[in-house]
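You will see two complexes here that share chain A, one where it goes with chain B and one where it goes with chain C.
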Partner chain A sequence: MKTTKYISMLILTIACFAGTGWQSALAKTGESEDLTVKQILEKVDEAEAAPSSQGRMTQVITTTGGQERTLEMISYTKDGTDKQLMRYIGPARVKGESILMLNDGDDIWYYSPRTDRARKIASHAKKKKVMGSDFTYEDMGSGNMASKYEGNLIGQAKIDKKICYHLELTPTPEGPSYAKIQIWVDQETFLTVRVDYWEKGTKPYKRLLLSDIEVIDGRPTPMKYVMKNLREHSETRMEIKEIKYNVDLPDKLFTERNLKRR
Partner chain B sequence: MKKMLLMLCVILIFPGSAQALELSGYYEGQVTGWKFGDRLNWQAINRLRLDLESDLGSNASLAGNLVAMTYDGLVQFNLLDFLPESAVRELETWLGPAVWDSFNYSFNATQITLDNAFVSWYAGPFSFRLGRQQLPWGTGYAWNPTDVFNVKDLLEPTYEKPGRDALKAEWGFGEAGGITLVFLPGATWQDSTRAVRGKMHVSGFDLSLSVIDEAYTTVDIFNPNPEQRETRRIFGGDFVGQVWEWGVWAEGAWLDGPGEEESWQFVLGTDNTFSWQTSLLVEYFHDSAGSERASDYSLAAWLDLVQGVRKTLGQDYVMLTVSHPVTALWTATISLVMNMNDQSLVAVPQVVYNFSDNLDITLSGNIFTGSADSEFGALQATNGYLRLKAYF
Partner chain C sequence: MFKKLYTRYVDFSVAKPWWILAGTLVVTLFFVWQATNLALALTWLDMMPQKDPVVIEYQRLIKLFGTTDMIIAAVEAPSEEQVKALARETAERFARHDQWVKRVDYTVDTAFIRQHGLMLVKTKDLRRMKKTLANPNLLAWLTALNEDFEREYIEDSGNLRKQENQAATQLHALGVFVDTMGRLSPEEAVTRDHIDAMVDSLTIGEEYYLSTDRKMALLMIQPTFTINEIDKATLGCLDLQAEADKIEEAYPGTSVRLTGMNVIMKDETMTMKEDSMLITLGALILITLMFIVTFRMWTAPLLAMMILMVGIIWDYGLTGMLIGKLSLFSSMSALILIGLGVDYLMHFLNMFFEARAEGQDARDSVLAVYQRSGKGIVMGALTTAVAFLSMILSDYPAMAEFGVTMGLGIISCMAVTMLVLPAIMILRERHQARQIAQGKVIKPFSAEFKFLQVLTRPAYQRPWLTTIVVIVVSGLMFWGATRLRFDQNLLNIEAKGLESVELYDVMEERFNLSADGLVFAADSLAEAERVTHQLDEMPNVGGVESLALYLPSEKSQQERRPLVKEIRDQVRGRQYAGSPDPEKMKTQLQRLSDNIVEMGQLGYLGGMSRLTDHCDLLTGLDEEGNQARPNRILQAAATVAAASSARLGDFSQRFFQRLKANTLSMANPAEVKLAEVRSDIRERFISPDGKLYAVQVFARKNVYKHFDDTSFIEDVHAIAPGATGMPAFFKRLITISAEKGRLALGIAAVIIFIMLFLIFRKLSYVIIALLPTILAYLFAFGTMGWINMPLSIVSVMVIPLIMGIGIDDGIHLLHRYQVEGPGSQPIVIASTGKAISLTTATTVLGFGSLIFAKYQGMGHMGWLTVFGIGWAFVISVFLIPALLKIMEGRKQS
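Let's turn to the complex of A and B:
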């Protein structure tokens, strides 16, 4: 009952601001606190970007034809999303290949163990699918939301019994290559639960769903990420198998020369 | 070699001694059809690569790989088949018809090689590697003017290369900066190759400068001692970064050595990936020592080219590569390499299918076009191949 009242109030509030250009500015939280879109995104960054983490995950790619490919990797992050390192540990075809992303995903190096070559790749490569999956490099290293996106609050919606902010965002000049995205943010945890991606046109072409929240080291963590390509009807399911937060990771781990270390 | 295989067997039989040893590798099978004029010849290649890796404590490691290869079908070539008629006639004038016997080349039916074997150790920002190892150098894709350690296959530039026997020391600083020293021992200090490279990461660009004293072999078949060791100094530099969203890179070298004129080479490249996932790569290569016209290609240059001593004949080249992932499992690529001076061209169409997690199937070929005296036109060795690569 309280929830219904709250939704009605929120819709009323948004309706009042609609057409004035103010609809992007304010939102209501469970704590009756007015939040701007920027503040919501800052809280998303705070909730999703741990000071440091170390994890092992799998990616199962289901192609349009229904065939499956499985990738396994270990990942390290530090300073939120500022420093990220991914090493593939399986299958044998890609074992040892590594991706280093620094400066919030602005600088990317790719390492191939058979040639022992670490090469800096340009930002256009962020649009490339990683190892044939439905995730691109920029999806993997999405970076700081508050600085990479700006936009409007569309309203709120219920996803998996969670009341969510529904935001429409466009990338800032430092942001990714998508024309726009819509995200749904859990009002309680400030975790993203769904993202729709647009290139152009009226329909989204990709959808990311985050679920199976577990509390790890005190942080609510989505353990399952499903990226659906709505145009090609393929899907990539990423599952976190193990994750630790606040681990002591030296800065030297996130250097180009460390990619070559074995 | 037998001892090495025996050691491997012991390690595999007694798993207790192999706790820290990781084994991996791949099998590659390839069937190639070659078209020489009206003839169609076949060649089969089997390649097995076995990689070994082991930690030697927390700050050291051992790694290496053996490659076993077998060849069947067409295993004998005469290198003169890849020269224009005018060059062959000139050779026959000098050396008589018996010259053909000097240019027979055959693949050994079975080869086992140690491609890489090295120990690495680390001490703070310093690292050292001793043994046969990969020495990637430079930012160019198809051509690397500063790379004296590897011979790239222009038709497949990213294919792995055999390691070089070297001592490499590195001091790393910052995110991607460092100084690298490489020593490839020869019979004497003068006969050894030494290189130093300094690298920095500035404003999103990786920049480097290098100085290399290269000891190399020249082949002059008109000389009673055809193989001569020479040395030269190379000053080089390169960068890789981006302008707007286009990847850009450049690599240049100034070569100075006794007995030859100073020359310089450079590469300029750019690439992009479009929103529909198609990738485009364009690279331009200039070699001031190359010739501007096909009629200027000397016999010595042709001989160096077919023997792998030099990489190109002309002055100006351009490579264009377009690649598109048709589905998550199929990737189609076409590469064109053009000698802009003699207008000859080689096209490399390729389709790769990822059959399963660890099996790739490649269908590819090399189509040479151009006049009979041009670089790619003379190499009338158009071929197509089917390759399977199974990783373990």
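Let's turn to the complex of A and C:
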């Protein structure tokens, strides 16, 4: 009799806890049902696109000789990802090598201080790799999700203990060159935590993982970016070392002429 | 019933010892006869499940195309000319060893390229070349080249990665171009031959397989033997190595080194032979000394050897009857049995001499062995044997065969010990009695391991403290075990400083190429072409070779023909435009310099070391980007600007003539026919029935150094699903061994658990018997984790062995405790503890001697065994008496 009583209590306790979890899951589902895909993407844009930023980051690559090489760069953005400038500051060999992207990545310049040439890269080069890394130029200018993609909500998923919206998106006519992407958006911060990229076929060929979120100038910011090329089995790791938002950056910083000013 | 049985047997041994020895001889002779039926299947292939698709395909390809595993010779000399001469000489000399060498490839068929070059170029590259080859006038060509570089490489660094090797070759030819232009200075002379050689380098390409610094060349040798013919491979590689040594001797300052899986296996065989001689001798001496010191019996080592030999013969006889063959794994069973089989002898002698020291006669002493240690010996052996025999259930032939051979071997050694040793000991005693009668003084001797009693006494006197200490140490070891890693560099098992192993790294560094790769059999030329081109663009691929490189498919030829005709027509109509404007030439050369500098920068940012090195050779930059040497392109630009118009005119005219002639010759739209392809190439890539086409693909990275990175194999399989070869073969072998090994270990654990339950009939005893083995694993892995010693592909093979041996210690101690009763810890440790310390010592000495092996894999095996068996012993003698004490206390309360 005593045992039966204990078992009944135990079941009741489990049911209470399960109920709480169930209710909270329902609440989350309700929230996602309230938001359309477009609204979620708008919130992502709002969360990710800062009016301007200035940061220092590192990129780790593995050479064909098997050694790891760390590159260091300074990055400036303005108007979301509409204007971007990346300047390598180390190692000494690549100091000053720069990439300027304007009009959301439609216009790209590459500058090398060794030759003092700023070369405009053809617009079809957007889907090409940036400096041999696993990022493409269009990955770098991946803002304005709401206008570049449309699609549907697959459901919810947990990534790194975060409950995320799982969306499948196809590019709009003005969108990037991928056949489709799947993204996982943190329901709390509306930051993208994972992106899978498809070209064709049934498997994604690239995967971007964003982690180590820190709140900087009031904005949650992923400090680590890992782009894995699942087809070529390579990966590029980027880490933000420091970043400032809402920095007053003059427009002339983002000009071809400025590229040559070292 | 058992007591009656063994008492009768002991009495029979006393009465008729010679009968027993004669019977043993007859049985042994019978098993010798059976053992002659054993076939030796000592190849890697024999170890794999014969129905495995990788094995089936590998065997099919070997039958069709001969061996797929090349021997690679890397020759090095101080200059480019010398290295080319050395490559020719080496190729000629190696080719003379036709017993071992089927073919030596060291040059590209440039005559064929001159005749059909453009038809062999991929359609998309032809479109690109249409622009660069449109006008053979020097300035126009240089301008088009600059545009091509900017379009293809600088705007798309992804292309650079895909075409790193192609770009590197192009950069070398450009080096020849700028150096020839540099000869336009007043101090130097530029001849027609110089210009012709330079244009040939730009159009026809490289004849030899040379490194970036032009001081090393590669030769690909197809042997007549396959990797599975170990004896032939060893002899063949030794013969070639001797030839290489002779060449080095004849040409001081040069080196001729060999590598490839065949060569590594040869080195492995030689090292293991050398190791096993020294180590076996060392281990035998140490074990002999131990026997003599412990039992004061000079004949004990001989006795051990005899018992073991008979046991192993019985084992091989039984294996011959049941399986009929010995594989690479099971052939090692004799060595392992020497370490394990001797244990039963140790237990027997220990108890026998103990009884004799107590004053019992020979008969009663033998009986005491059966009474006090018999069950322990038999059950210990049966448990170990069952652990091995359970491998049958793994469904992996190599493991099952090894398990059966080992299981039968252990039972045989134990049976010989228990059945034959009594008769021998009786005869020995009679011999001694005769000696005593003649006046010789012989004292019964039994070594006492007092230190063991002293050491372990506090442990069972304070059992709870001991248990707590074990728990704490277990925690630390668990922490250490989490740091344990598996060494993914398979070449780390080889002896240190092996030339063949070092050359793998050299090839990766200087050629972006691994010495090993995969082979795919395409069922049509078009398929071979598709696979070749797709693989060629994979970043993990260092090189692809197939007939498609010499003979494009019909469809491709049709596709390319109009483009080739177009190039031919536009070049045919071109006239010499006269001497170029030196300033314009200078501008284009400066532009070329800028392009190469930027390519070098992009190569650096993208981690393309070989490309960066090639660019730096032209631009004079060092690794850090400092101007360490003059920029050869800018030097040429300055020379051209200052050159007289007559010299520049002559130069440009000859350049035009040669480039036009070469392009017209290569732009031959006629059908490329199979009959035109060199016979050795046909033979290499087409199956004898003409239905299949081999595609050989080499990895960019050393495949064995980064074995966890399976991307090369995966990439190749995505394009050519049936591709096979040593890397795929080893990957499969390791996967199967790991999978089946885990399964076998799991099955063995369950069976051991059941057996222990049947022996002791008490769950608590079963747990106590198992605990030392479980903890021994944890402690061994923990120790390795703490001292940063990784597990290797060879050392994992002894993991099941630890279970088999480790469990014995517990069984012997517990059995003796059951015989002696509660409170008998001191006697159990003094007697059985001594015996297991001796058996542990022999095993540790046997396996531990492997630590000194040159072949590092054996060393890893030695360390893991020493840690595993050593810890199993320490934990058994300290923890088991303590746990038994706790149990006694609980019973009393």
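Quick note on the criterion: the second predicted complex is superposed on the first by the 222 of 262 C-alpha atoms of A that agree within 3 Å, B and C clash if a C-alpha of one lies under 4 Å from a C-alpha of the other, contacts with A are read in each partner's own complex, and residues count from 1 in each chain.
Simple rule for what comes next: contacts are C-beta pairs under 8 Å (C-beta built on N, C-alpha and C of every residue); 3 or more make two chains touch, one makes a residue touch a chain.
Source: prediction; values computed, not measured.
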{"item": "Clash or fit, chain B versus chain C on superposed chain A", "value": "clash"}
{"item": "First (chain B), second (chain C), both or neither touched by A:233", "value": "second"}
{"item": "First, second, both or neither for A:254, with chain B first and chain C second", "value": "first"}
{"item": "Touching partner for A:56 - first (chain B), second (chain C), both, neither", "value": "neither"}
{"item": "If touched residues of chain A are counted for chain B and for chain C, the larger one", "value": "B"}
{"item": "Which superposed partner A:110 touches (first chain B, second chain C, both, neither)", "value": "second"}
{"item": "Partner chain(s) touched by A:102 [first = chain B, second = chain C, both, neither]", "value": "first"}
{"item": "Chain B versus chain C as contact partner of A:177, first or second or both or neither", "value": "first"}
{"item": "Which of chain B and chain C A:92 touches, first, second, both or neither", "value": "both"}
{"item": "Touching partner for A:166 - first (chain B), second (chain C), both, neither", "value": "neither"}
{"item": "Overlapping segment of chain C (options 73-81, 163-171, 469-477 or 487-495) - the one that collides with chain B in the superposed model", "value": "163-171"}
{"item": "Set of chain A residues, in rising order, touched by both chain B and chain C", "value": "61, 63-65, 69, 91-93, 114-115, 117, 119, 121-122, 125, 128-129, 132-133, 232, 234"}
{"item": "Contact set on chain B toward chain A in their complex", "value": "24, 26, 53, 61, 63, 120, 122, 125, 127, 133-136, 139, 158, 160-161, 170, 172, 174-176, 178, 201, 204, 206, 240-242, 245-248, 271-275, 277, 279, 325, 327-329, 354, 356-358, 360, 391-392"}
{"item": "Partner chain C, residues of chain A touching it in the complex", "value": "61-66, 69, 71, 88, 91-94, 97, 110, 112, 114-115, 117, 119, 121-122, 125, 128-133, 231-234"}
{"item": "Residue ranges of chain C in contact with chain A within the complex", "value": "150, 154-158, 160-161, 164, 508-509, 512, 538-540, 593-594, 597-598, 601-610, 621, 623-625, 700-701, 705-706, 709, 711, 714-715"}
{"item": "Residue numbers on chain A that touch chain B, as the complex places them", "value": "61, 63-65, 67, 69-70, 91-93, 95, 102, 106-107, 109, 114-117, 119-125, 127-129, 132-134, 177, 199, 232, 234, 252, 254-257, 261-262"}
